[in-house]
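So that you can tell them apart, the chains are marked A, B, C, D, E and F in the order they are listed, and the count of residues begins at 1 in each.
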């Protein structure tokens, strides 16, 4: 596993565990909803993860982008498809997205090296 | 054609025409890019329009939402699929998206009545 | 009831009813969570509604602002307290919040006339 | 005076007057700061108003855009210059800015007809 | 003092000192306003700091979140109360807030260890 | 060259090179548009770079801020002028901009030491 992926996954797991211990019922429900929302339904997981990714990119959250890139990779999104998701994010969100896009390209490469 | 759709389309066409007359070359290139980005490619038009919609919803732009709802309708997005796009938008963007979601539901209904 | 309040409440109720009919389970759960989050808990309803209001103001969602203004009014927020919430919203969110603040002042006045 | 300009100015003046009566000292200081910030200084008023406009466009606040368009007009911003400000706003902020850009073009035309 | 707190406070103090030396009068007034806004008034400091925190969370600014977490800790916000502020921020701002919430939980724990 | 500048430039160049190899035609067009937009036109480069900077500050993108600070420095923006750009960004964007402003002040100082 590449270093960017490992750092992201380790911190995310550590803090999610701590949140499950220390948070309240509503927060736990919100996290549960965050999981079920991306489950196979009328839309398949691959489409949903691309939707989660483009939303994360235009809102410019690096960790959210990493998470959905990982899920897109698992769901089999191909390089050409990913470039089209990236383009929609850059177009809709504007050039302000570019630094996040750079980091996304780096992380996506690491996912595909593994 | 329903009233919401007609109002949106009329104003959009009028102003786009005026922009094509009065804007500069870079703006025209930007508008051209906005069109080619959603063309069939590695991803089909339906997927791309759902991506454009979810990006518009989390950024909370009512006119952008209307535009992509219209395109999603043309591309054959079904009711159950649309609900899953709406859910991802509400989840990622938060309850602040809800008023835009309400207006999206109204516009989507008008598109489906036609 | 003032006209601004009536227009807001009527549309909100109509669309929430339609959403309850047409949406999926996750959306219904999200709406349920939106209700329980503001219930009396470790913090009282008045504090929670001011928190919801300031969040809505810095994110600049007029309908969300109206909703929480209504709830703040019910919870007994006083004029001087409201001005301090308004100031925090203007300060944190910047002058871009001012047009939303103007509409909030108008709506708050209507709530207090009733 | 065109209708868009009159509607904007009338409401803005009415609410600013009410705010001066009903707000607290910090809000009044914030409004004062909002005025002095755009005064002639190391940068001239024209440059500052273009800065205020581009900031308002990427943050997508229609009323803020109208306000700074009015001030840019007073400061003598020319059509070709305005198109370049519009382009920077569309590029940095992305296609999500386009509906606000459409309304800006309409308002700018009204300012130049007067 | 924990490492996260120390790093944040050291950099903040260093840069605020430099800003006081190098900035202009309006910037100094803006910083002064940033201080007086959170002073005891019609609302107590604890409520105001929770308002500042929730605004910072939905706007997703890690440093602003750290600052207001520190102030909330000083003002005596309890664990159960903080969880309710966190929930409102996650709900209103959406799942895009979660990575900032994770870092907030870590910082809040460090504040409470001291 | 200072360390902040070197780190920023090195990573930016590395990733832009990789993007030119791996991206699609639309993304390359978008990057080309990002360059031509800031070229001398009806407005001079200095004004355009200040516009790019203020847009980047209110949208709170540190890398975009660094990029435009570098370009403003090349274009000869003076200290007093920069403070007025900073003030407009803080005012319009609000106190949520302050942490980005602190980092901007640090980077601007490094640019001026060189």
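The rule is simple: a contact is a pair of C-beta atoms (placed from the backbone, for glycine too) under 8 Å apart; a residue touches a chain by one contact, two chains touch by 3 or more.
Since we're looking at a predicted model, the values are computed, not measured.
J.: Which chains does chain B share as contact partners with chain C?
T.: A, D, E, F
J.: Under the over-half criterion for shared residue numbers, do copies chain B and chain E use the same patch or different patches to meet?
T.: Both copies, chain B as well as chain E, present the same residues to each other, with over half of the numbers appearing on both sides.
J.: For the chain pairs A-F and A-C, which is connected through the larger number of C-beta pairs in contact?
T.: A-F
J.: Taking each chain's centre as the mean position of its Cα atoms, how many Å separate chain D from chain F?
T.: 23
J.: Need the CA-centroid distance for the pair chain E / chain F, whole Å please.
T.: Centre separation, chain E to chain F: 26 Å.
J.: Can you tell me which residues of chain B touch two or more of the remaining chains?
T.: Within chain B, the residues that touch at least two other chains are 24, 26, 30, 33-34, 37, 41, 55-56, 58-59, 64, 80, 83-84, 87, 90-93, 95-96.
J.: Indicate which of the five shapes (line, ring, star, complete, other) describes how the chains touch one another.
T.: Complete.
J.: Can you list the chain B residues touching chain A in their complex?
T.: Against chain A, the touching part of chain B is residues 33-34, 37-38, 41-43, 47-48, 50-52, 54-59, 64, 78, 80-81, 83-85, 87-89, 91-93.
J.: Taking the complex as given, what residues does chain C use to touch chain F?
T.: Where chain C meets chain F, its residues are 58, 90-97.
J.: Show me the residue ranges of chain D that touch chain C in the complex, using the header's touch definition.
T.: 11-12, 15-16, 18-19, 22-24, 26-27, 30-31, 34, 55-56, 59, 61-64
J.: Looking at the complex, which residues from chain E come into contact with chain A?
T.: Per the touch definition, chain E meets chain A at residues 60, 79-80, 83-84, 86-87, 90-91, 95-96, 98-99, 101-103, 105-106, 109.
J.: Given the complex with chain F, which residues does chain B contribute to the contact?
T.: Touching chain F: residues 24, 26, 29-30, 33, 36-37, 41 of chain B.
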